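A, B, C and D label the chains in the order they appear, each numbered from 1.
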Amino acid sequence: MKNERAILLLHCPDQQGILAKVTGFVNENSGNILYLDQHVDREEGIFYMRLEWDLATFSIPRDRIDEYFNTLFAKRYHLHYELYFSNQKPRMALFVSKMSHCLYDILARVSDGEWNVHISCIISNHTDLEPIAKRFGIPFYHHHVTKQNKHAEEKKEIEILKKHNVDFIVLARYMQILSEEFVSNYPNKVINIHHSFLPAFAGAKPYHAAHKRGVKIIGATSHYVTSDLDAGPIIMQDITQISHKDTVQNLVHKGRDLEKIVLSQAVYKHISHKVLVYNNRTVVFS
Amino acid sequence: MKNERAILLLHCPDQQGILAKVTGFVNENSGNILYLDQHVDREEGIFYMRLEWDLATFSIPRDRIDEYFNTLFAKRYHLHYELYFSNQKPRMALFVSKMSHCLYDILARVSDGEWNVHISCIISNHTDLEPIAKRFGIPFYHHHVTKQNKHAEEKKEIEILKKHNVDFIVLARYMQILSEEFVSNYPNKVINIHHSFLPAFAGAKPYHAAHKRGVKIIGATSHYVTSDLDAGPIIMQDITQISHKDTVQNLVHKGRDLEKIVLSQAVYKHISHKVLVYNNRTVVFS
Amino acid sequence: MKNERAILLLHCPDQQGILAKVTGFVNENSGNILYLDQHVDREEGIFYMRLEWDLATFSIPRDRIDEYFNTLFAKRYHLHYELYFSNQKPRMALFVSKMSHCLYDILARVSDGEWNVHISCIISNHTDLEPIAKRFGIPFYHHHVTKQNKHAEEKKEIEILKKHNVDFIVLARYMQILSEEFVSNYPNKVINIHHSFLPAFAGAKPYHAAHKRGVKIIGATSHYVTSDLDAGPIIMQDITQISHKDTVQNLVHKGRDLEKIVLSQAVYKHISHKVLVYNNRTVVFS
Amino acid sequence: MKNERAILLLHCPDQQGILAKVTGFVNENSGNILYLDQHVDREEGIFYMRLEWDLATFSIPRDRIDEYFNTLFAKRYHLHYELYFSNQKPRMALFVSKMSHCLYDILARVSDGEWNVHISCIISNHTDLEPIAKRFGIPFYHHHVTKQNKHAEEKKEIEILKKHNVDFIVLARYMQILSEEFVSNYPNKVINIHHSFLPAFAGAKPYHAAHKRGVKIIGATSHYVTSDLDAGPIIMQDITQISHKDTVQNLVHKGRDLEKIVLSQAVYKHISHKVLVYNNRTVVFS
């Protein structure tokens, strides 16, 4: 049985000694640092850090760490931070449409115990994947969203998400555009997979567009959703080589493997608290 | 010493038995087929083929093959073809500006005997790389091209290319846009390297744009130049993974290796007569 | 609804005109060729070919094609061939142990209709994955294989495979070595996934060995099982970059994605009848 | 003009606060940290770090930094360190045989100013590449090494290296095995490129072996040379996909691009002082 750990994600204006001060705080209170990674963006002058330490010997009680950190660092260093604990299981909602490959990939990982996450519910604008939800024993909600009822349906969806105490949302090939209003409720908390190497082929039918353009690689991009379509902060990208032999159907087929892996890797980074967003870009710690 | 070989590249409307007929022509005339690759684009209904055979035992004299093929196949099957012989050395001109990495990569391969090609001349809008041309004993022409004199300078360049009997042109990080008129003289004969995974980041400063967008991969694309900037038929693409740690300078640095390899691989395919262009896309045989 | 297609896989000593003769046979009997790929191994002098044609217009009845082909080609050209029909669903058995990622990946693809295959049964030396089999409604057989009872248990397994008319077997991270006798019943019909880029790190605990050696890439290899451990014909390989930061646990974690994709891609090639084996190597058509 | 920077590479037993202490030392003496990366190997209990800081404002004179660091840290923390300055140009010797691609790649980068390194001399057991050395104005030494004269010739080579004050050696496809004695003079200072993804296909003719085994990927590995052939600490590895179509000649051809890039990337890491060796493995900082 592993000890509980505290995980701190932070960014602030870069300043001399900030790394030493933060690590010093943990050391002086008898915390054993298990993970430290940092990054300085020297152009923007921003310091980013992820710290993980064992709480077993830490002299500050778990429920007072936030208060301490806030008092000692937040204002003084204009420091934004997020504090997590290893025994908290993030609660995820999945939005799906008709394609099952990303959904299955995520369900398999969670069933397998590969990820420390709880799937609260699956929401869909179609009923095609309801049997899969049932098979894995996960609540499934069907919302037939149209242009006309979008506002009302999204309101209901947000209520469901609140009821389930959902921390973040994964769009597992969800073929609907969420409204700006919806997205504003979950800033950097909605992860999408787009089936192209963005910014190439944003929008609809990227494989058709890729085929038409005659590219020799196709890709997939996982990103946080913002109000700007397919333009949010990129978390992960990967590609595969194709050739003139590949029809659009082949691209769709080959793309599936990319999509599911690139999405799942982004979700894994997110639930591991290894992604920081700043200026529409991400720092993804290793 | 290898025997001389004939190389046939063709495309035509797909029709029953066309493959058998063309290979039959070679077989019946005692030609030993050394390479055969074909592709049928079933959506467009086009048949593409590359055939290579030993001329040592071939019963039709080398200088009459074209005539035979034209008579037997061209009109009858609406067939477009190109006929090459292995002992012909394609003549290449290089256009460069200030960066040397692609130039060096090509010069090294040619010096090494890796490629069956002759470098006729190097043309540049700067004098920076003239010492390299001298070092390798290749004629160097400096043309200071501006908006005002572009038409006149390009005319002079075409005269140089004609004087040197140049078959095709490689833009080895040439930082000038060739005019539509210039390009029309060399259809599918001008190979460019663009430092992004097109169609993403077409135009100027792609590494800056990539850094700003926060992508996790950068790429390079070699393509034939058409009148439409960065939109010609793609020959090769490759990418490399990057991270938040990479500054624009790092991208420029990492990109160099991609650029030179992706350009050289495209040139190699071109001089091996393995690229066919149709509808702004390429068939690249293996 | 697509028409039924015939699929022919063959190899024979390379000889003039063989390609024209085989395609001629299809053309002359009004078969519309939908796929043709061929390969000549000039060192070994072997011709390999895969042909696929529409049966709707084919003048030879489906059940006599084999006879025709045998009579016209097999002996005359020392030609080995396999004939398949697109509406035949290959029947697959899965062997698993305790890890579920490869199993889930395959089940998801089959459930999804991505593959034209029937999963007949799952056989395991452990009961851990039985609930997954039940969830997907697939017969599950538990055989506790030990050194002592191996011979007897394998006999029972072969009976199960026969009862289910199994065409081929996929070892989806099955952590037992099949006996030479067992394997001899299914030549080039047992697909394994090994968690290294073979021939590096054959045998047990490849991730531990990779970590110890300090490699910068890890890989996975799918291959047909032969009596020689981890030395059968390789179908697919892929790798992922790692670094000094990766512990053995990380390698195991990262490797899972490789393993499942590389195995599933090999299975897909196999059920698409695109793999030919000769001299312990594979020709894998595109 | 950039300010001069100090670069510190260190490793020591992991201990609480070591990071804070080392960065504190720089901060307290008014050094502006420009780069910091660290790694803790928790299994072995080793702390690794690379630190780079601006010397313009640093209060300790450049030539006393070593003394300070030694006194304050080395013994106390059982800390091994290397101290470099950005305006020191490492001095490199190149060992070559007959193939020029790696040599050209390195010469091009140095000519281009891409690398901060000085090429002192080229040593070869053949004269084939002497003209290239001349073309680039670099001293060339020919040593016809045989089994019989190896000891004597290597002694002469070491004298040449000493005369040129060589800091490290790059074996740019040098087809001779250096003696244990020779290597012992340059621990972790001789970089080799092996044309396989080690540990697969160590030793002679890896492309032949790869072809025979029927692998679907080939690779290249750059590593520090130790007395154990092809078994030294790996710095970089990369691979490329191949297929049944590739002859041994194709592998040799495709492999060249891998070899030169993988070697040059390793050399770049080495001259950037980003490689630490411990227990026959490397930490390669980004």
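Annotations for the structure displayed:
By our rule, contacts are C-beta pairs under 8 Å (C-beta built on N, C-alpha and C of every residue); 3 or more make two chains touch, one makes a residue touch a chain.
Bear in mind the structure is a predicted one, so any value in this text is a computation, not a measurement.
The chains that touch chain B as well as chain C are A, D. Among the remaining chains, the Cα-based centre furthest from that of chain C is the centre of D.
Averaged Cα coordinates give chain A a centre that lies 38 Å from the centre of chain D.
Centroids built from CA atoms put chain D at 42 Å from chain C. Shown for chain B are the residues in touch with two or more other chains, namely 42, 243, 245. If each chain is drawn as a node and touching chains are joined, the picture has every node linked to every other. Interface residues of chain A facing chain B in the complex, by the touch rule stated above, are 39, 41-43, 48, 197-201, 213-217, 219, 233-239, 243-245, 247, 280-284. Residues 100-101, 104-105, 107-109, 111-112, 114, 132, 135-136, 243, 245, 253, 256-257, 261, 264-265, 286 of chain D are the ones touching chain B in the complex. Interface residues of chain B facing chain C in the complex, by the touch rule stated above, are 16-17, 19-20, 23-24, 27, 32-34, 36, 38, 40, 42, 241.
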